[in-house]
């Protein structure tokens, strides 16, 4: 049994981690931290997770004294790197669900997050935790930056076609729709039921959202050259689910069936990415799971292909993918606890 | 054209008032107050109400200087009485959507609201604004306490049977279900989309909710004796709508058809209360309207009848009923702007 | 008082027409037809529309005998033209909420609807009922084809920029999201609550949806040349609302503020189209109204502008716009009954 | 590994069984039947359940030839008994999620289901599958009638107090609210998204719903005398979740804390029933789980206690409880696959 800790366990990604780990047979919870609820029982916060009812929230500072094999950081950008550094010194491995280890280049991080990276020396050894594209590096790494929800959904759909050299420069438009849990647990006008229900709207369109940086970094790796995307996230009236509709200008004429084959081949042996042939994905397919559902369609006489990608933003888009990374880092079967 | 003011215009009841009044042909908006947004255009807060786009929020204090025929108070218990006093001195009439004028007896108010009434001398002249049961008094009054959403729904269903002397002592159980707008516009955990969506729960069961006092006061008036109710409100995952399922122990054997006749007769000439014969009401029937839909069923061999009552909590349960009261107080046709 | 009829009054567009017309002071309902419910009272189908409770559904065939000034057709493609022909012969005017009068060229109709137009001779005199762009023709016409919901939303956003010659050839991608009422009232798997709730998905992507033809026809009129669009509709878990996120490749460098001015100028005197400057629209803004909310943003260094357009699919996207057309055709003030 | 079959695998209870069984380590799917989809791959119906993607739906008739240890029947009343008889002859055990084995007395069955029981001789050996109250009998049985969703929720809350002799005759009112999946997967007006969304309504109030019979049978067993309940189910706008608010007239004065102790003691060692002390349950607590959350409150000076009970109607209310029964019948740890 490996000992697992969670820093920031009361938000939606922390709660979802607890839910998934409760079913995992090779790990046990060493600690769950909450600054606001320290000293209180997990029973109150999570009546539906009786496995943890004997445990008590501690502060992040206290948790450093606990023996741990791997720690999940559910902390905002700027805070994760500090905790990562401390736990690494303790000999633990780290999966950061925040943004501090998603970039290799501290200057790119600074550009998108508006502050210098606090521990740039850690970035060298860190890995972008998209297992389908970085499996070996994740297995060997001590620090993994778990991808953002939008980048996970978009990259899984685009990367096979970019790697194959099929996508024109400046030819990527990602129109994405997310459930409200992606906005976090803090009450605000934009998460108020009455404001969100029966409403749908875009926010931070074009190149404003921080996830643009992450998407472009990973695309560039496969393309071998810089790539720019246009990305518009939307908030949809649902708790979970993330849908990306991706318009790709192709740089050559290619049949829909061939594009489908590129996708299918890329994920042929992947347990968590399913390429659909005859139907389009829905977010409901992926709810409460680590699955990503993909397909692609061409638009006649236009040179454009449309990729459709559906995940659960708290599943493959956050906590379930984090456990997939944990499985790789600790030598467990990749699917353990995730089926 | 009469001049109308709204104190506290940015909450849900204030916004709904603005929406309804925009269609009313005999009134114009003298002012809308907001302490937080004073000086700002109504255009920003209400892009969908262009009729008011030239107007600007003022503070409640400033509004006292404006000439007004009638003022709606969308203010919490304890604040309304103060503003009512000031506007009455100015010669305006007042409809309070808060609780300060729902009780005749200041001690009953204090019992349910946990503070002494600030202007008990005003209570004598005030009227409980349920037009179907207090029409003449409302027409003659300068201060009307607009009923709470739960009491409106429950009382319209129970009063005809209580007046007829059919309901046993201690024989009333009201199980009510409300949409989330009833909880107000302030963001909180209990209005967070992800917490509320796909969830339903009771709160303040038994005799804890403040609306119990209001319901019992009005029942006693018709019964000619004190009456106690058991009342359990629930929060349902919808923006609007309020449903009361009311279990009544009858004190004599009476056929369902007779009970239906009591209801139908009570509201025969009422434009806003519809008694259904063959089907049960739904909250959707009443959405965005001033209607209340009622029916009653008996339970064989039990001595119990069940009354079903559906309204829109922001409609007949708040702002639309407030406009109905305004129509009565200002001498307009009662249905003006409400059909 | 003008006499109005509705063919097919029990679907969502028919019901919404009844709701809007109930508030209109210059019209009265001559008939409402339903083949399935003929002979039954409207009271049962529409408990919340007491104004019509004395009326009874008749068959469409019977309705031909009633005197009428204007008839709304809520009938599927292929049926509307037949009824239009009959009512025109009777001297009535016609607004078709179906597709039979949205195309000038019967061959284009046939291409998108898979059948020859039954009454091509009527197309000459018919007008595409987008009042902001066809007002004079609508006023003079006896037959108006009410635009589809997606085309209304997209065209209002794109037309000002296309007219100004700013949009590159093959440079239009429309990513649209609709509420479920757009799928009609017939129960099916894709309208089942449990299948739709917490789910979002695309359908008929690229150039498959019939509304593509309508959009391209109207764009070509303003552009003076054929234009092709890529269009992907999505189903979102909400009852009403339609959001279009429109990616436009520009054919010259132009500042965001200038684009905003193009939009603002185009709709400066329009009562129902509001151009937002500082915020993006939401579908909630437009709910239960005839408004369209628009804005535009540029994407730095990309040559792309993004237009955002929000309507209520049953409002400006169907029945409310149909009443706007009726107002124009019958000589009423354009906003009557719609504010 | 035990071999499991599912008759009627494409409805909501069948799908949920497949989802739960996919995580169970001691069983494998022998067959899943669907008359409409026989011959088709499960991959198409359940893209999110890759474990079964190699399997193909067969007809119920064909499934009789497969070797099976236990069969789940997701079939309507009147059909289950026939299949049960056939599988029992084959040596398999049976858990019926329909109603054919919920009654011991065929005449009671006939009264509530309007038809004679097709195999009354099987009822003797069958057991009502509420494990917390019938564990030993379930373990020894070959045929278990899985309780209805409403009865599960109500009985778990009421039985401890009835057993203790605390509840007055004719003193039980159950006001229950269910998510839409309880209405099944067949599209109809009452499951149409637009009809259900933003709506809440009662149906079959009093003593009309078939679940009344089941509830009264089990209450009588613990009370040692016949008991009558009043039961009003409601449809709430959510996919899953079932909430019962139960008003109990007590036949003696008893403190709230004592009532809580009765509940807590009754379920002290139960893994799936949690008695809350300080807060009321919500349906969200129980979502996607086999948990039932309970608590009780007294109403001062009324002689009434209110029990609150929340489950997932597809969880403890159907498929998860069916797997709990399977675990007992096949000798597995009761919680296997359910945590």
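Which chain is which? They are A, B, C and D, in the order written, and residues in each are numbered from 1.
The rule is simple: a contact is a pair of C-beta atoms (placed from the backbone, for glycine too) under 8 Å apart; a residue touches a chain by one contact, two chains touch by 3 or more.
The model shown is predicted, which means the values in this text are computed figures rather than measured ones.
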* Pair joined by the larger number of C-beta contacts - B-D, B-C -> B-D
* **Furthest chain, CA centroid comparison against chain C** => D
* So what's the Cα centroid distance for chain B and chain C, whole Å? -> 36
* Asked: If you average the Cα atoms of chain C and of chain D to get two centres, how far apart are those centres in Å?
  -> 46
* Structure fact -> Separation of the C-alpha centres, chain B versus chain D, in whole Å, is 39
* **For chain B, residues that touch 2 or more chains besides their own** => 197-198, 237-239, 281, 287
* To do: Over in the complex, which chain B residues touch chain C? Could you list them?
  => 22-23, 47-48, 50-51, 198, 271, 274, 276, 278, 281, 285-289, 291, 293, 339
* To do: Going by the contact rule at the top, pick out the chain A residues touching chain C in the complex.
  => 170, 173, 175, 177, 179, 195, 197-203, 205-207, 228, 230, 232, 234, 236-241, 243, 245, 247, 280-284, 287, 297-302, 304, 306, 308, 310
* Asked: Which part of chain D faces chain C closely enough to touch in the complex?
  -> 12, 180-181, 185, 187-189, 191-194, 196-198, 237-239
